[in-house]
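Have a look at these structures, which come just after this line.
There are two complexes below, and they share subunit A, which is joined by subunit B in the first and by subunit C in the second.
Entry: the complex of A and B
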């Protein structure tokens, strides 16, 4: 069964790309993650007050998924939509905040609002609520982006009819940097990114009728864009 | 399509260091939960801890506490089988929520770099130890990680992606999780009481559990266990509170029934998630009611081993199949009086019952749910 990449978003090095096109670039230098992601949220006029309560990993995933523009999709039933994410650092960034709150017995202040985010799949939970996704949801942790593991498993989910649309990708955040690469996959190719007229970066991808096939090589190349 | 069987397993929990010991304790209705202030100085909480003074193996200093347990459990499992686990046809799946979380606070273990708190790094250390061909797949999906790993393994074996998959689930008790659940007011102050009217929270546990899954039955065994299928869903409702309607879990159960062409009347026994929080048990009983499972014998193993997070699904699946092998229904420890809107058929005393199909349920933070069915086959 063939599946296709519909849209893809990159957020890294203070830049936001949608379908390979630069859409936002932070001009202020040395901005921390929190300030950067707020600027992106405002720039794209996102409206979801709960955003401000999320931890940083969820904020990153949230903004990425908003830019994929999946929320209008009524083509699929909620239970046929899935999410498969991967990263390197799990929720360790928020884990460190929780750990700091319990390190000193004389200044002990563990907070439920922090603790609930000490699991990586909470970010998935946030996306499921936002986009009404109630199907298969997976969080894989690997020391680096593993395109083969991700692509092979997502392909299996389609073949076995567990999903008909899937948000996939890499959502990494640690104390030094952050990096997001999210994409949507569907079996139908009508909605997919038509790449021929786009920038030369698409030249190396394997295509079918100008649509990007969801295979390991393509995902590896898209990740590195 | 190939079939996927559980051909061997090994358990480490507060009940003991082997599957045999764990099952004996279950059958004798012995709980591993004891009051302890080890992770909450000055406050005694019920915890189901592994006995660190009784390791039946040599503790390797270059590995963390959790890695030592995982390595031992996987070695003991692999000894029971003959396949080549270094082959390209074998995959290891590690199921954990917090991995080496003790490294965040434990200043003593400085021999081990803090980077090992990264789950991917831990997985690579384990890969290197066993010389696995593939880097292990690490699944970290809250409290459904274990059930999800077994479902994932079944799907991949079914499609002939691998011949053998080693699923190892593990999580340790730590100040980190105890303080966290305590600040959520989700920790019980007495041994947990799943589905009971007086339940008031979880008892934290720790465990490591390994199952070996294969595309073929163990020829020497008279009884085999096949994973027939399973499904994963999300409530899409709240990140830390389960859905009040049980919608997500209901969906996972219904999909599992569809996939396996079975229904509630085919299920002989249900191993519930049954954490003993007010919300989980209410949600779970609602989902069981909606799927006509409220008359099927059900228990929660949490009263024996506590909530073992990323290990929970794996260890409870093993306990479920061993009960099925013995045709035993095991008392749901801690239950006395119905405490949910739709009463379930909670197992109140050990009983014998011939069993063919067992349903495992799991739910977790992030709104995730999993269900799977295992079939007993006699040669």
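Entry: the complex of A and C
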């Protein structure tokens, strides 16, 4: 079964790329993650008050998913939409914040709002709420971005008809070190990003018509953009 | 009492990450949950922690929180009553 990359978003090195095009670049130097992601949120005029209550991993995932333009996902029923993410550090950064709040018995004030984010799949939950996704969801923890694992797992979901659209990708954050690479996959090619792009990278992709096939080589190349 | 309410609002804004909100925008009598500040159940737990951390007031039964956290007015009155006691 062929599936196609619909849109893809890359956030790293203080830059935001959407479908391979640079859409935002932080001008301030040495900005920490909290300030950077808040600037991105405001620049793209996002409106979701709960954003400010999320932990940093969820904020990164949230902003990335907003930029995927998943408005098109209204084409699918909630139960036909899935999400599969991967990272290296799991929820370690938030885990450490929680640990710090309980380390001193004389100053023992764990924050419920921090504690609820001490699992990486809570970030998935935030996206499921936002985008009405109730199909398959999974969060892999791997030492590095594993395009083959992600692609094969998502292909299986499509083959077994568990999903008709899936948000996939890498959402890594550990303190101020972060990287996001998210993309949407679906079986239909009508909505898929057209490869007739100015970026030379598109010349090296496997295509069907003008659309990017969701396969390991393509995902590796898009990730390295 | 007015000083306490102002301080409380500042502490709530910080503890609950109410980004962009100022104390002046929080109505003393408005409900904090539901249509007012739109707080949720996790926020309620944070308010319980705030009371203990900042005012050394422990709410033994979380069910009591419903009345205590109804508004800034009720919360300030509760703190004041505990401090006097």
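Criterion: the second predicted complex is superposed on the first by the 222 of 225 C-alpha atoms of A that agree within 3 Å, B and C clash if a C-alpha of one lies under 4 Å from a C-alpha of the other, contacts with A are read in each partner's own complex, and residues count from 1 in each chain.
Criterion: a residue touches a chain if its C-beta (ideal position, glycine included) is under 8 Å from a C-beta of that chain, and two chains touch if they have at least 3 such contacts.
The structure displayed is predicted, hence computed values, not measured ones.
Q: Counting only touches as set out at the top, which of subunit B and subunit C does A:111 meet: first, second, both, neither?
A: both
Q: Which partner chains sit in contact with A:49 here, subunit B, subunit C, both or neither? Use first/second/both/neither.
A: Touch status of A:49: second partner only.
Q: Scan A:95 for contacts with subunit B and subunit C and give back first, second, both or neither.
A: The first partner, subunit B, only.
Q: Contacts for A:19 in the overlay, against subunit B (first) and subunit C (second): which applies, first, second, both or neither?
A: The answer is neither, since A:19 touches no partner chain.
Q: Determine, under the contact definition given at the top, whether A:78 touches first (subunit B), second (subunit C), both, or neither.
A: After superposing on A, A:78 lies in contact with subunit B but is clear of subunit C.
Q: Determine, under the contact definition given at the top, whether A:121 touches first (subunit B), second (subunit C), both, or neither.
A: first
Q: So which one touches more of the residues on subunit A, subunit B or subunit C?
A: B
Q: Can you pull the subunit A residues that subunit B and subunit C both touch?
A: Residues 110-112, 116, which sit in both footprints.
Q: Residue numbers of subunit C touching subunit A in their complex, please.
A: 16-19, 38, 42-43, 45-46, 49, 52-53
Q: Quick one: in the complex, what on subunit B touches subunit A?
A: Per the touch definition, subunit B meets subunit A at residues 41, 97-99, 101, 104-105, 117-121, 123-124, 135, 137-142, 148, 152, 155-156, 158-159, 161, 175-176, 179-184, 231-240, 247-248, 251, 255, 364-368.
Q: Okay, in this complex, where on subunit A does subunit C touch?
A: Of all residues in subunit A, those touching subunit C are 38, 49, 52-53, 109-113, 116.
Q: Touching residues of subunit A toward subunit B in the complex: what are they?
A: Residues of subunit A touching subunit B: 78-79, 83, 88-90, 92, 95-96, 98-99, 102-103, 105, 110-112, 115-116, 118-122, 124-126, 128-129, 132-144, 146, 149, 152-153, 156, 159-160, 162.
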